[in-house]
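Two complexes follow with chain A in common, the first pairing it with chain B and the second with chain C.
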Partner chain A sequence: MTGETRADAVYVPKDWWLRRRTWTYVGRYAAAIVITLLFLFPVYWIFIMAFKTPEEVFASPPIWYPAQIQFKTFAVLFRDGDVGTIGNSLITAGVSTVLAMFFGTIAAYSLARFRTGGENLAIWIISQRMIPPIVIIFPVFLVYVFFGWVDTFQGLILLYTAFNLPYVTWMMRGYIEDIPIELEQSALVDGWSRWQVLLRVVFPMARAGLFATAVFTFIFAWNDFIFALVLTRVEITTYPVQVTSFFGQQQTFWAKIGAMSILGTLPIFFAVALFQRYLVRGISLGAIKG
Partner chain B sequence: MARLRITGLYKSYDSVQAVRGVDLDIPEGEFAVLVGPSGCGKSTMLRTIAGLEEPDAGTIEIDGEIVNDLPPRSRDVAMVFQNYALYPYMKVFDNIAFGLRARKFPAGEIKERVLAAAATLNISGLLDRLPRQLSGGERQRVAIGRAIVRDARLFLFDEPLSNLDAQLREEMRLEIKELHQRLGKTMIYVTHDQIEARTLADRVVLLNNGRIEQEGAPLDLFERPVNRFVAGFLGSPSMNFIPARLVAADESLAVTFEDGTALAVPAAAYERLAGRSGHDVIFGVRTEHISRARDGDTREGLAPLSATIDVVQPTGSRTYVTFRLSGTPVMAELRAHDVEHPGQRIELDVDMNRAILIDPETDLVL
Partner chain C sequence: MTVSTKIAAGLFGKRVDAFTDRNFKYLLIAPAIFILLLIGIFPLINLVVASFQDITILGEDKSFQGLLNYKRLFSDARMWESLLHTVLFMAVALPIELLLGTVMALLLLEKMWGRQIFIALLIIPTVIAPIVAGATWRLMFDNRFGPINQVLGWFKGEPVNIVWIVNSSYVWAAILATEVWQWTPFMFLILLAGFSNVDRTQVEAAQIDGASNLRIFFKIVIPAIRPVLAIALLIRALDLFRLFDIVWALTRGGPGTMTETISTFTYVKGFEQFDTSYTSAVAIVVVVLLSIAVIFALRRVEIAR
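For the complex of A and B:
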């Protein structure tokens, strides 16, 4: 700082380091940093593994940072076609999200505006979501065997759609109920049909909720392990299942696990980054009306 | 243009009976104003006419066609909602154009109409804004604009001026009246404002508890109320009601109060009231029909009354005073300097031609 700015300088009392407020701040920041490191370290560890040589992975004492960042593992994943499983995940999660959002929102509209089934139907629908996946997976497997749907896109997409529908319906019902009904009625009087009202009034008004719900729906399908494990073989293996295949009897391919984890995190990362604005608003929507 | 006919309309929500048997016939081109206390079913009536609520019973006819089963968009009505119902994600221009787009107007005409409506409503400078960037009064005008750009055959307004300041309200009232004269469309207008009701209406419909108490030309309701509710609801300050008894003496008839005060009934009313003599009645008189007694005022039907003034409220050109008549507080509207101070004893004249008598049992005007 030059002498000229001294007059504007913040007044710092001589005994600042003795003051209680100072120590409260220091304490808070220290705690925040420790907690952040604690949570980030495992993520860092699995990610950095992707760039290590096998020797570095198993080195003892552990190597915090590889001597040379190398992308060989990624090259191997692409060469062996492991990356294709991420494509499979994108297809199943993406298509099932679109389907669940479409049908779920329509169902939600019906529940919210036409009082379809009263309060009971809505509760019944969300109760479906509370069934643990493991309870239904074996009956579903048998049914799928019968239809020849094991290891097919339509099989997995149908299951994810069915599993996410109650969640979408429940969430969207809340968001739709928050829309002032006069907005829709005004549009109806003005000459729009119900479907047009849905498109031109309900969707824009519930936009934040739509995006937030879609992101969570996508994340569920994307991260699902149990359904995919049971219902896929080789054709449409999804990426979480593929990651587990790197745990071998004799050997575990840690570098591959790390690299796949990075690739598998990217879509979610971008989805959340893209819709962050809506996510925050969508989640807090019920709280502040205005 | 359309004639609206409502017969035997009932509508209830869960436990609340919002409309209970309304019959209404509004001829083509008429301006009808619905008034009534909060919660009496005014909005419900409009919403039922628009097709947003299904009536429990009764028919709604527009131009002789029963529209009960028509969806809102096929009824060809335009409506201004009580809470504006503007689309927060659309610019003002698009808000106003929304209904025209629904009816597939060509872009050029949409623009023309929106600009014209905006000019009428004095919001031409706001067309590029979003509703949240507008004041309450500006929003209300956008809401009106959205209705008037359309060529609907029936216009429904639900308290469209309630959020405007006094001056803007006067201006908009004039605009709406002019609009009605220019378009000649049937309009139904809900308001709490009695001046609005009186100045705009060809016909006032006074609702209470989901029923029509009385309908007719504004002055009709004001001067010839059929019951105590109508008499008390219209007029501000509201009418004074004082318990009394009708007493016959010799050839005359008088309204007599408990403290012995008597006001002579004008000869013209003898015949109508003679049968009631000896019965309890409620005497109703508006504040403006009590005046300071003046020498030489020999109008027929003035009844003298002395009073000790309790409260004096000067408002400029008029002065409101309160006094007690047989224990009941009574308000009178006098000229500015008629009374100097509280406690003053003055002579008043009650215009008995304008006063009414109510049967306390049925609340009907005698």
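For the complex of A and C:
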């Protein structure tokens, strides 16, 4: 056994490699700070646009912070009704999340507890998510034109529900498999119906997984651009599409883009911060349970 | 028992309950499959039919045209170039994200004051809407109002005026920077979780045996996180294949068709030029090619295990 363990380091503070260890720590810390600042700087840069005056936005070379924080850009967005697109996003993402969660979770229960269709059906369902959105939206658009569903809430909500169903089913299958089956069995023995067991035993037990999955499902719909670009015109424009409407041939309205980005992004920050514990499982499609 | 089942049981006797119990598992999964078929299969059939017709912005010829659109597709250099851009970009971006993500994960693996705060801040780019990320970097790279030229100018000692998203030498670099910025944190987060789950006793045993850090990393850590690595790479590869939002915000495929990806190409054909039948053929070819690639990739992943 060599003496190079943490415990020894504490007892022999003047040891040469302890000093090396301290320097390593300082180096790691400095690197962590620099990297974090690099990754955050663009976010700061777009957000701060919202608080600059027009002169400050279009200063060249650019100025890094406004002389005074002002909220005029937000007032303009509210006055012109641009903020309504956030409401449209809330409706489409919210309703489609509720629908996808309900239908996805009961399907997941069927897969997890009854092995319906074996492993093949589960694989088929998740493979639906691997199809590129552009390939989904093109034929759907043709059908929607036929039915007059373009630029309607039901059209976009149905598409988001279908797009998120595989994710919800896949994730919830994992969460339900983590629940011990004995509780359900004893509830059935007590004479509860299958639906009662599902609603009063399984749903409450899978509560954390349900909320975490719902948050990520919501974010997928909330952040979606390509479906909304194709399927929204005037009535139900969502916030990502609205952001691109501020790009112009002559001039781009950076202050408005900054303000819309803040309004559209801050809710997501809070949601993710709240469910950070489930983030890794959520984005790795359940591959990491940690 | 709910009220409705009680009424139903009263009307039909015991048979209703027996029915629901036996078919319960199918009843649960039926709506999900119905919705997926509604949005998946029904339009897909429509797509296949349209690809054999001749529907363009000029007119709708719904008679059977054989392989007309497929022949056109195989000689369409613009389409194959957009596919090539997509695959090449993936081949460049994926290793960079993997490497940077690994470095960042190793940096923050051990205990450090404020470690959780660093992690929470670092994942921010990944949860932002890709279209907002694209808009952000369009401003970062703006030749007059962006800070990147400004900072480059400080190093160079004279004003720099690179028109990033128009100049053909720099435009891919701008897209790459945006992509790497947004998705390296994704790799970082998954790898961090993967590294944290590696059995520490094995690593410590190897250290006592005098194995070098590099050897430990490649002989113990990498094999241990292989499944996690495979999933992360698969998810990112599929995302890179559908690359659209960032390119749309930065360049819209320009200058010319230089930065067109298969997604932006399909969008332009289908929704700007209304070349319906041709776009249908392109969509089908894309799905077939992607399916082959995914099946191949999944088989490799299974062999790796």
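A few comments on the model shown:
To be clear about the criterion, the second predicted complex is superposed on the first by the 254 of 290 C-alpha atoms of A that agree within 3 Å, B and C clash if a C-alpha of one lies under 4 Å from a C-alpha of the other, contacts with A are read in each partner's own complex, and residues count from 1 in each chain.
Methods note: a residue touches a chain if its C-beta (ideal position, glycine included) is under 8 Å from a C-beta of that chain, and two chains touch if they have at least 3 such contacts.
Computed from a predicted structure; not experimentally measured.
Three-chain overlay on chain A, with chain B and chain C fitting side by side and no clash. By the touch criterion defined above, A:Thr22 reaches neither chain B nor chain C.
After overlaying the two complexes on the shared chain, residue contacts for A:Phe269 are found with chain C alone; chain B is out of touch.
Within the superposed three-chain model, A:Ala107 lies in touch with chain C and out of touch with chain B [touch as defined at top]. Taking chain B and chain C in turn and counting the residues of chain A each one touches, the greater count comes from C. Legend: residue contacts after superposition of the two complexes on their common chain; A:Gln185 is shown touching chain B, with no touch to chain C.
By the document's definition of touching, of the two partners only chain C reaches A:Val135; chain B does not.
By the touch criterion stated above, A:Ser193 is placed in contact with chain B and with chain C alike. When the shared chain is aligned, chain C comes close enough to touch A:Thr169, but chain B does not.
After overlaying the two complexes on the shared chain, residue contacts for A:Gln154 are found with neither chain B nor chain C. Closest approach of chain B to chain C, taken over C-alpha atoms in the A-based superposition, is 8 Å. Chain A uses residues 193, 196 to touch chain B in one structure and chain C in the other. Those residues of chain C whose C-beta lies close enough to touch chain A in the complex are 1-2, 5, 17, 20-21, 24-26, 28-29, 31-33, 35-36, 38-40, 42-44, 46-47, 50, 104, 107-108, 110, 112-113, 118, 120-133, 135-140, 144-147, 149-150, 153, 159, 181, 185-186, 189-190, 192-194, 196-197, 208, 227-228, 231-232, 235, 238, 241-242, 244-245, 248-249, 262-263, 266-267, 270-271, 276, 279-280, 283, 286-287, 290, 294.
Chain A contributes residues 1-2, 25, 28-29, 31-32, 35-36, 39-40, 42-43, 45-46, 49, 57-62, 64, 103-104, 106-107, 109-111, 113-114, 116-117, 121, 125, 127-128, 130-136, 138-143, 158-159, 161-163, 165-166, 169, 193-196, 198, 219, 222-223, 225-226, 229-230, 239-240, 243-244, 247, 252, 254, 257, 261, 264-265, 268-269, 272-273, 276, 279-280, 283-285, 287-288, 290 to its touches with chain C in the complex.
Across the interface of their complex, chain B is touched by residues 180, 182-183, 185-193, 196, 201, 204-205, 207 of chain A. For chain B in complex with chain A, the residues that touch the partner chain are 47, 50-52, 71-73, 75, 77-79, 81, 83, 85, 87-89, 98-99, 102-103, 146, 150.
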